[in-house]
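Both of the next two complexes hold subunit A, though its partner changes from subunit B to subunit C.
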Partner chain A sequence: MSPLTYILGWPLGAAIVLLLVPRTFRPVIRGIAILATLMAAVLAVKMFLRFDAAAAGYQFEQQVAWVRSLGLSYHVGVDGINVGLVLMGALVAFAAACVSWEIREREKEFYLLLLVMTGGILGAFAALDLFCFYFFHELALVPTFIMIGVWGRGEQKDYATFQITLYLSLGALLALVGLIALYVQAGAGTFDIPQLAAHLRAHPLSPGAQGFIFPLLLFGFGILVSLWPFHTWAPPGYSAAPSATAMLHAGVLKKFGLYGLIRIALPLLPDAARDWMPILAWLCLGNLFYGGWVAMRQKDFNRLVGYSSVAHMGFVFLGIAALNLVGITGAVLVMIAHGFLAALTFGLSGYLYQQTGTLEIARLGGLLRRLPFIGAALMMAAFAGCGLPGFANFAGEITVFFGAWQSYRLVTILACWGALVIGAVYMLRAIRGLLHGPLPEAWAGVADAPHLWRKAPFLLLLASLLIFGCYPRLLTDKIKPAVSEKVAPALAPEIPARPGILARPAPDRDAPQPPDASPAALRRAGAFPRNSRG
Partner chain B sequence: MAGGLLGWERLYARQLCAAPAAAPASFLGDLVAPFLHAPVAAGSGLLAVLIGLAAAYGLYARAAQDPLPGMLGALGRAMRNRFYFDELYQATVIRGHDFLARVADGFDRWILAGVAVRGTHGTTELAGRALRLLQTGNLQTYALLFALGVGLILYLVLF
Partner chain C sequence: MNTLLLSHELLVLALGLGLLLVDLWLPLPAKRKLGYVAALGTGLILLYSLVCVRVPPEGAAGYAFSQMYVLDGLALFFKRFFLLAALLVLLLSVEFADRITSGLSEYYALVLFALAGMLFAASANNFTLLFAALELITITFYILTSFQRHRVASLEAGVKYLVIGALSTAFMVFGIALVYGLSHTLSFDGLARAAGALGGNRVFLFGLVLILAGLGFKIAVVPFQIWVPDVYQGAPVPTTAFLAIGSKAAGFVLLLRVLFLAVPDITAHWPHLLMLLSGASILYGNLCAIPQRNLKRLLGYSGIAHAGYLLLGVAALSAAGRAAVLYYLSGYLFTVLAAFTVICVALRQVDGEDLGALAGLHRRSPLLAATMTLAMASFAGIPPLAGFFGKFLLLKAVLEQAPACAAYYYLTFLALAGIVISLYYYFNVVRVIYWSANATDLSPIPVSGPIRLAIYACIAGMLYLGLFPGGILNLATEAVKALP
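Take a look at the complex of A and B:
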């Protein structure tokens, strides 16, 4: 049996076990949830370390036929694109279970939903069957709505639940229509993603069919990722959500849409992808600038982080829109880095809320004196969010910029501005408002994380950011061959090496210059035949 | 310099180039490589560091107080105030972004979240309330609406 089945089986199995535990056995309930997520995390780390980056195809695969007449099967496996996402999801799930000590009411139901959500998330990233892919996502999404509605906080909790439910259901519905259309149009009689990919490489869909299906997937998945202007569900939703739910959704589940674009939309619908990517490149500026500007005006720290999360998704969209090896590698790297960062930030903000009962920046201040560990971790998270070298976000963002530069120079310059200046303004202002200045008397009694067990989830997430930030090749060496192999139909032709830029050998000035690889130049050269729609 | 010693170049080179970067010869080779690759840029950078260190040592090694303000006058004051770069940055970049942030926040609050989202929500709820008035459970009302519908269809078909 594949380790992936165990990784997603532990939380789902534990959820079933929790049904049998009396609700008064609180330590047992919490212990089962932590143990199950810990086991999933340990297995995910082991799988990540055993992953062979040089091997082609999928690894740790398992396929069990389910409905043969429809081509449905339980099929899981990993390549370089999703192995890091499964690892990140499992580590974040463990951290989310650890920080849930703040939950005091209906603990059994909360942990049960948390475990179902975790199993669904890990299943969605491990699935290699379109049906399982969608099913596991829905399995994770429904508990999100319930957790915000029941254990959420703030006066606007009900409205936030209502909004996030409608928005994400609409996004999921659009994506479902796109996936069904893809299955029907492909005519391969299978939901199996590798088989579909092989079939569509040999028999590509007509430009008309691609032009119809791709926008459904782009905007369906885009809504799930808070693509501007479909982002308004995210900040109030995260602001109202319990910490663990915000950590899991903003950190992991939100990446499902991006993963769907890279795993399904780009390789299976390459012609339409090339037509739509310039539009996506400009829309991503909406995320980066608009999300950043609105974040600057937020008074509530969680809403600020919510808008910051919207802004960060702009990097991933830009990397995908670049449609080249470097850009998409960077996009996957940012997805993983942001997963750790969002989980860390929401976990820490949850700790602050638990201590103070508010996240209104104007009412807080000077907390670093009382909370040296939490404050320092929050400051490091803010620096990671600003893209400081040493954190994984820097490695991802700079890779995205290098990739995007080959395709969209103006957009890349603007995105750099949005990332560096606006991001720094709102993050550093928030840190100043929360941690520095005079300490209001009301917060003289707040207490720092008392022992290692309380600090462990934050240390785990921070260490992940630093490890992948200082040594991103742990991820990029895995991601790059997989992108090169799986997303090849959509990628722009590889630009020949420019030894003068970074590599050691001195440039040969007599050698022919590398061709202009901008989309316009590639179109002129006939690399991207513009398909007539209809 | 620290980045060079840590090997950032090699770390990212493979992501930028189709062919992998050549393996480093040695630690010393790493140190010398920039000077062989771009001698003017690397040499002038190193020269600037050395001049700065020498000038700082000459000025401050035995000084009881900062000698620069007396020597440079207005230029010294400007240097002490970091050439007023912070003030300039605050007056242009930050103020500009604050203005744009107000505009974006207003748009987000009133147009996107207000008109678009709450408007759709309100319209749907209003439509639901209006339709609820028709769902009275009164058979006579249903019969009347049915008759009106039939009449409308007959009118459309026949005339």
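Take a look at the complex of A and C:
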């Protein structure tokens, strides 16, 4: 059995065990949840260390037929692209289980849903079968909705719950139609991703079919990742969610759409990808500027973090849109870095909310005096969010910029400004408002994290950010060969087997074209050497 | 003629008649228990069907009454389906018995007679048997619907069902007469031979459209859905449950036989008509369900939408689509019965099945709350439940046809819109159960042993079909091989 099966089996198995535990055994329930996520995290770390970056193909694979007549199978495996994501997901899940001591009512149901969500998330990132991939994602998505509805906070809870439910389901269903259409059009009679990839490399889909399926996947996945202008569900949803849910969703589950683009849309539909990427590049500016701009005006800290996470997704989209090795490697790096960062920020804001009962910046202030540990961690998270060197976000963002520069100069220049200036403004203003200045009377009683056990989840996430920030080769050495192997059809317009694409005259699209999407620039991008790690 | 071919129907009829006889000697308090006997008997017949009756191999179907009655894979699949549905409905009827003032044994017997009608419908190979089976179903349902004579709502539902049911019967008889007049045959096989020459005859097509209208009433598809909300709301809960699953499935098996066995050449030219019916039902059902406060009414409108989803598989005009219909119906059986069981048990004290009465259910009975949540999730098509895989198969069947005809793409997007809309009202039920603040009554709800069993069976069915779809899908694929 593959270690991946154990990694997602622990949380799902524990969820079934929880069904049998009486609801009054509170410490047992919490203990089981923490133990299961800890086991998943330990196994994920072990797998990450054993991963062989030099080997081609997938590792730790396991395949069991599910429905033979349709070509469905339970197929898991990792390559450089998702090994880091599985690791990040397992660590964040453990942290989320740890910070959930704030949940005081209906604990059994909460931990049950948390475990199902964790299992679904890890399964979605480990799956190598289109159907499994979607199945696990939905399995994780539904608990999110219920957790926001039952344990959420704030007056707009119901509205936010319904908005996030309908919006994300729409995105997921669009992606589902795209995936089924891909299966039908490929005609290989299998949902297996490696087999489909091999089949489509030999028999690429017609441009018409690609042009129909790609937008379905792009916008379906885009809605799930809060691509501007489909981002409006994110800030209210996250500000209403309990902290564990926000950590898991903003940190990990949301990356599913991006992972789907990199794993499925780009390699399997390369021609359409080249047509649509310039549009994505301009949309990502919407994320960076609009998300950042609105974040500056927020009065509630959680909404501010929600908008900042919308803004951060812009970097990943930019890296994907660059369609070259460096850009996509950077995009995966940002995905992992932002996962740790979003989890850390939402965990800390949940701690603040639990202590004060509000996250309105104007009502808070001077909390650093009462909360030296939480405050310092929040400050470091803010610096990471601004892209300070030393944190993993910096490594990822700079790699994305290197990659994007090859394809879209103007967009990259604008994105740099958006990232550096706007991000710094809202983050530092929020820090000033929360941690500095006079301490209002009302908060004289708030207490810092009392012992190591409470600090552990935050320390774990901070340590991950710093380790991958100071030594990003741990990830990039794994990501790069996998990207150049798996995403190759979309990356390299000058592959000799597909000369027709290059020879084609300028595409007849009516969308605005950035100045550097010309074939010449794309060719330069593909020829870009491999030595530009951040 | 081989009498064994009719064994299902004969056993069910004998059980029903036996029940009526035994009733003569039973004291009043013991009559309620008679429902368990009926359920047990149905269970035994189902067991007999599973163990002793072999699925006839392809091309070796058994015929009776000069080919009027056929026992093939499709018929057997649906017979077992109806037996399972009736078994669960009978358990529900026992639970409901204290709300029926008189004629309890007759209620059980009528459920069995309706079941016999459905069993005949599954085997119909001729318009005569089709009509007779449908009438047996419909007339028993007239009585079952208006069984709570002290409730005006129940009587009103009965009258509405009677009037509109009679209208649909009239449509159907007129259609059958026209078809017979032109083709001089009532059997599906004969019609398939004659229909080629009559394909351009407008009167013949008009007759077929009338027959489809009659079947459309049974499966509750737009524009023949007008009776659904009132009848669902007014009828006793077990009747509504049986109507929702049994009557709909009977309509679908007849629709499949007529479209693909009797007039396959004409059906091949009608995908747009079927798509139109499907799309209209999905939109109408889902949009109308949004403002509903009465749970049975809500499920009625959602049933219209589900008829639309099922028609997706028919409109695909492929074997995969027909197998998907059978699969979806199987999942729908467990889901519908789970939902109606919860309504029956949880809303015992409340008159009117208002949605708000579910508030606080998670405290009153975690089992019922979880069951209702799972049922809503399965309706909405959320993994790992049966509804998800069913919708997946239906969408796949439609998308497979799409490269040939672009209208299928529009239909797919319409279905997507419907699914997203439906999430709103299904999720609203879950919201009321788990986090509505207006819970007034928090007394625990007792759940009796047999009902507990029925609930576990429904949950197991929903999960099994969602997690291990291979088995039933193979059965469905084998069953639809009976249709060319």
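Throughout what follows, the second predicted complex is superposed on the first by the 491 of 534 C-alpha atoms of A that agree within 3 Å, B and C clash if a C-alpha of one lies under 4 Å from a C-alpha of the other, contacts with A are read in each partner's own complex, and residues count from 1 in each chain.
Throughout what follows, a residue touches a chain if its C-beta (ideal position, glycine included) is under 8 Å from a C-beta of that chain, and two chains touch if they have at least 3 such contacts.
On a predicted model such as this, the values are computed, not experimentally measured, just so you know.
*Asks:* Counting only touches as set out at the top, which of subunit B and subunit C does A:Trp293 meet: first, second, both, neither?
*Replies:* A:Trp293 contacts subunit B only, not subunit C.
*Asks:* What is the contact status of A:Leu139 with respect to subunit B (first) and subunit C (second): first, second, both, or neither?
*Replies:* In the superposition, A:Leu139 touches subunit C alone.
*Asks:* Figure out whether A:Thr232 sits in contact with subunit B (first) or subunit C (second), or with both, or with neither.
*Replies:* In the superposed model, A:Thr232 contacts subunit B only, not subunit C.
*Asks:* When the two structures are overlaid on chain A, which partner does A:Thr476 contact: first (subunit B), second (subunit C), both, or neither?
*Replies:* A:Thr476 sits against subunit B, while subunit C stays out of touch.
*Asks:* First (subunit B), second (subunit C), both or neither: which does A:Ala241 touch?
*Replies:* Neither partner.
*Asks:* Which holds for A:Val487: it touches subunit B only (first), subunit C only (second), both, or neither?
*Replies:* neither
*Asks:* Based on the superposed arrangement, let me know which partner A:Val425 touches: subunit B (first), subunit C (second), both, or neither?
*Replies:* The answer is first: A:Val425 touches subunit B but not subunit C.
*Asks:* Could you list which residues of subunit A make contact with subunit B in one structure and with subunit C in the other?
*Replies:* 162
*Asks:* Using the touch definition up top, name the residues of subunit B that touch subunit A in the complex.
*Replies:* Residues of subunit B touching subunit A: 3, 9, 11-19, 21-22, 24, 33, 36-37, 93-94, 97-98, 100-105, 108, 112-113, 116-117, 121.
*Asks:* Using the touch rule from the top, collect the residues of subunit A that touch subunit B in their complex.
*Replies:* Spelled out, the residues of subunit A in touch with subunit B are 162-163, 229, 232, 289-290, 293-294, 296-297, 326, 329-330, 389, 398-399, 402, 421-422, 425, 471-473, 476, 480, 494-499, 501-506.
*Asks:* Quick one: which bits of subunit C touch subunit A in the complex? Just the residue numbers, please.
*Replies:* 362, 377, 382-384, 388, 392, 395-396, 399-400, 402-403, 412-413, 416, 419-420, 423-424, 427, 430-431, 434-435, 469-470, 473-474, 477
*Asks:* What does subunit A use to touch subunit C in their complex?
*Replies:* 66-70, 106, 131, 135, 138-139, 142, 145-146, 149-150, 158, 161-162, 165-166, 169-170, 173-174, 176-177, 180-181, 183-185, 209
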